[in-house]
Amino acid sequence: MFDISRRSLLAGAAAAAGTSLLPSGAFAAEELVAATFGGTWANVHKQILAPYFTKKTGATVAQSPMLATAQIAKLTAAKGGPAPFDVAMLDEGPALEAIDAGVIAKYDASKSPNFASLNKKFQGEYGPAITMQAIGIAYNPKTVKAPPTSWADLWKPEYKGRVGITSLASTLGLAFLLDINRLEGGTEASMEPAFKKLKTLLPNLAAVSANFGAHGALFQQGEVDIGVQNFKFAEELKAKGVPIEFVRVSTGTPGWKTTMHVVNGAVKPDLAYAYIDSQLSAEVQSAMQKSPWNVIPTNSKVPYEGLVASKIAKTPADLDKMVFFDWQKVNKGRADWTAQFNREIRV
Amino acid sequence: MAGAMEKKSNEWRLALPLTLFFVVFFVAPLFLLIGISFQAERRMTGALGLNQYTAFLGDRLNLEVLGDTLLLGVKATLLCLIFGYPLAWLIARVSARLQALLIFLVILPIVTSVVVRTFAWIVILGRRGIFNDAIVALGLSPTPLHLLFSETGVVIVLTQVQMPLMVLPLVTVLQRIDPNLASASQALGASAWRTFFKITLPLSMPGIIAGVILTYTACVTAFVTQSLIGGSRLLYMPMMIFQQAMDLQNWPFAAAVSVMFMISVLVIVGLLVALSRSRAAQLYG
Amino acid sequence: MKRVVDWNEFSFKALFWLLSLITVVALIAPVVVILMLSFTGEEALHFPPTSYSFRWYKALLSANELQESFIISIKVAAITVTASVVLGVSAALAIARSQKAWARGLETLFMSPLILPALAFGFAALMMFSVLGIRPSLFTLSVGHIVVCVPFVLRTTLASLAQLDPALLDCSVSLGASDLYTFRRVTLPLIGRGVASGAFIAFMSSFDNVPVSLFLQDARTQVLPIYLWDIIQNQLDNRAASACGVIIIGTIVLMVLMERFAGFSRFMK
C-alpha cells in the first residue's frame, strides 16, 4: 500500500512538473548539492522534491542529510571559499544563527515565482518557510492504555523508565523544554523553572536521543513507550506499521517554521533558487501534504486536508493559535542550557 | 667503507616524504588546535587568554565527564584483559590448525566495521533483544534490564569491540615464553596457579602493557560505540568535543576540551610505558 | 597430595577454558546476529527473524545513496592505501636501518595517530583546512584517512623488515646490484607479505573510519559508515542489516584471500 501511494505521488509530481515555467533541460547535467534533515525529510525530499526539480531543470540534486547545527558548522568552516553545499534547510533558531554567522544569503524573491503565493508570515527575508513543525505526545497504544492529553502525563508514575525525549541539539527537545518552562511560569530569559521540572522527570526517562530521528527509532524498537514527538514524524512511523499514536497537548501546540536558504558562496545559486522554488510550488506541497508525509503546506494555494486538517489546523489562520518562542533569545541561552541539560540528565 | 657510510647517511631521505606529510597534515593541525584553544572569545576575535581552560576546569561537570571517560576506559580494558588473557593463553598452546582458526576469529571483528558491530549489539542488548529475552526466560530478572543507554552496556560492547587489540599482542608474547619454564616450575612442585602467577604472568607483562595501551586508547575515543550504545544521558569526552565543535560551534572551547583530553590520554599512556620500563628493569636488569 | 594438585590444575584450566569460550562466543555473536538479521523476511527488525528471504539484499540494488556512499568509501580507501603504502614503506625502510634517536622519534611520531583521539585530530584538521580556505572534498577526506592509516602499514612493514636478514642486502649490493634493483628483487619480495597485510588493515580501517570522516567529508562525499550510522540512528531500516551483511561477507572473503596469499594473521600480532 505504501509503495502504491508512493508511486502515485511520483506520477502526480511528474505530471505537475510538465506545466513548469522553466524550460526543461536548461541546466542539463549540472548537479546541485542541497542539505536536508535526516530520516523522514531525506525520504520525502528524495521521492517528491528531487524528481520534480530534475524534471523542471534537467539538473540533478545530491541531497545530504545533516542536522541544522551541523549545516551551520560546515558552512562556517568553509566561509570565504565556495560553500560545501548550495541549499541549507534549517529550523527557526538555527536560521537566526546562520544569519548571524553570515553564512546564508538574502532571498531574492524575483528569482522565485512561487514565493509570492506563500502566506505572508512564511515569506522570510533570508528564505521562505517550507513548512510548520508541530509537536505533541506520541505513545504506543499497545502499552499505553489511557491516551495522554498533556505534558503532565509524561510525569505519571506508571511510565517509570518508559519516556523518551531528545537532547537540545534537536529543536524538538528545545521546544519541549521551552514549553515546559512556559507552563511553569518561566520565560526565554529564565529557564530555571524548566530545569527544576525536568529533574522530576528523570525517573521516568528511558532514553534521551541526540536527534529526533534516533528518537523515532526508539519507538520502533520498543525502547520507549511514550514521549515528545513531531507530528509528521509520528504519522510517518504509524503509516510504516509502527504502533504509535500522535496527540496534541491541551496546553497549546508548540510549533516553529522550517526554512530553506540559498547559502553564501553557493556554487550553483540559480539552481538553488530553482530548487527552493520547487519546494514552494503548489504541486510539491500538496504531494507532501498527503500521507505518509503530512508536511504542513505554506503555499496559500494548497488547502489543508488529510491528517494536517484533522489533527493540526483547518486553515492557515489556525496555525496562529500555536505556541511560539522567541528564538533570538533562545539562541542567546542555548550554549548555557546545553551545559545545564547535560548536567541534569546525566546518569 | 666510505661508500657504505655515505649510503647509510643518505637513507634518512626515504623518511622525508612521510615526515613532510605528517608535519603538514598532522603536526600543524594539532598546533593549530592548541593555538585556537587559547582564543579567548568564541568568535575567535584574536584576543588570547586562558578563558577556555578556566571555563573547562571551573565547571565540575567537565571534570566529571573527563573522569568518567578515563574510568570507562579502565573498566573496558580490565574486562578485555580478564577475558582476553585466557584466550591468548589458549591460542599460544593449541595445535597449529586450531590456532589459525582462533586467530582468524579474533581478527574478524577488527576488520568488520565498528558501525556494523555496534548495530548488532543494539539488537542484542535492546529491551526486546535476545539478551533480555534470555534473562527474562531464565527468570534472572522479572523485567528486561536497561542495558542499552547504560554504562554497563557501553562497557560490554567496548570490551567486545576492542578485544582483538588486547588478545593479539598477548598471543605474541605468550608464544615467546619458553614452555620449559612452566614445566620446570610444575616439576618442582609448584601448583598450576602458582606457576601462572610466578612465571607466566610476569613474563607476559610486555604483552599486557602493549595490549592495555592499545585497548585503553581505543576505548576512551570510541565515539561511535559511546554514542550509539550510550545515548545522550551518558556524556563522554569525544561526544563533548563533537557537541561543542559542531552543535554549538564553539571552536575555542572544543579545542581546549580536545587538548585536555589528549593530554590526559598521553599522561596515562606515558605512565603505562614507564611502568613497562621499570618492570623490564626488574625482570632483566 | 596428588588429588590436590589435580584439583588445582583442573580449576586453573577450567577457568581459562571457560573465559576463552565466553570471549570467542562474544566475538562471533554480533557477526552471526547481523548475518541472520540480514536475511529476515520481515518488515521490522526483530531477532530472531520468523522468516528468511533475500528481499533486503534485493532492496540494496535500488538503494542508490547506499551504493554511492559505498563507492565513495572504496575510492577513499583505495587512495588512502596507495598513499599509505608509498609513504609508509619508504619511511619504514629508513627507520628500520637506523639505530639513531631520530629514527625512534619518527617512529613514535608516525605511530601516534593510533594513540591520540582520532576525533580530536579530525576536528583539528577541519580547522586547518578551514583556515587555509580549502573546501572539504575527497582530497581532504583522504588526507585525514592517510594520517590515521599509515601506522598500520608502517607497523607491519617494520615487523617484516626486522625479520629480514641484512646480510642478504649486503650480499646483493656487494655483487654490484643497484639500490633500486636490490629493493625490487630482494627486499620487496621478502617484505611483500608484511606490506600487503598492512595495506589490508589500512584499507579496512579507512573503509570503517567515522571520527575523521565526520569532520572532513563534504555534502557530496558521504562515506558508507556514516551513511549506515545515519540509517541505523534515524530509520532502523532493514537495508542497514543487509548492507552490513554484504560488508561482513566481503570482509571474510578478503580475509581468507589475504590469509592465503599474505599469511597476514602473522603480522597482526
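Think of it as A, B and C in the order they're written, each chain with its own count starting at 1.
The rule we apply is simple: contacts are C-beta pairs under 8 Å (C-beta built on N, C-alpha and C of every residue); 3 or more make two chains touch, one makes a residue touch a chain.
Note that the coordinates shown come from a computational prediction; the quantities given were computed from them, not determined experimentally.
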{"item": "Category of the chain touch graph - line, ring, star, complete, other", "value": "complete"}
{"item": "B-C compared against A-C, more contacting pairs", "value": "B-C"}
{"item": "Rounded Å distance, subunit A centre to subunit B centre (Cα mean)", "value": "38"}
{"item": "Rounded Å distance, subunit B centre to subunit C centre (Cα mean)", "value": "16"}
{"item": "Distance between chain centroids, defined by C-alpha means - subunit A, subunit C (Å)", "value": "38"}
{"item": "Shared interface positions of subunit C, touching two or more other chains", "value": "45, 126-127, 232-233"}
{"item": "Residues of subunit B touching at least two other chains", "value": "122, 128, 245"}
{"item": "Residues within subunit A bordering two or more other chains", "value": "76, 210, 221"}
{"item": "Residues on subunit A engaged by subunit C in the complex (per definition of touch)", "value": "33, 35, 38-39, 42, 46, 62, 64-66, 74, 76-82, 84-85, 210-211, 213-214, 216-217, 220-221, 240-242"}
{"item": "In the complex, subunit B residues that touch subunit C", "value": "7-8, 11-15, 17-19, 21-22, 25-30, 32-33, 36, 82-87, 89-90, 100, 102-117, 119-124, 128-130, 159-160, 163-164, 167-169, 171-172, 191-193, 196, 213-214, 217, 220-221, 223-224, 228, 237-238, 241-242, 245, 251, 254-255, 258-259, 261-262, 265-266, 269"}
{"item": "List of subunit C residues in touch with subunit B within their complex", "value": "5, 8-9, 11-13, 15-20, 22-24, 26-31, 33-34, 37, 45-48, 86-88, 90-91, 93-95, 97-98, 102-103, 106, 109-110, 113-121, 123-128, 131, 143-144, 146-147, 150, 179, 200-201, 204, 207-208, 210-211, 214-215, 225, 228-229, 232-233, 240-241, 244, 247-248, 251-252, 254-255, 259, 265, 268-269"}
{"item": "Interface residues, subunit C side, partner subunit A - complex", "value": "43-45, 65, 126-127, 129-130, 133-136, 218-220, 222, 230, 232-236"}
{"item": "Residues of subunit A touching subunit B in the complex", "value": "67, 69-70, 72-73, 76, 97, 101, 161, 166-167, 169, 205-210, 221-223, 334-335, 338-339, 342-343, 345-347"}
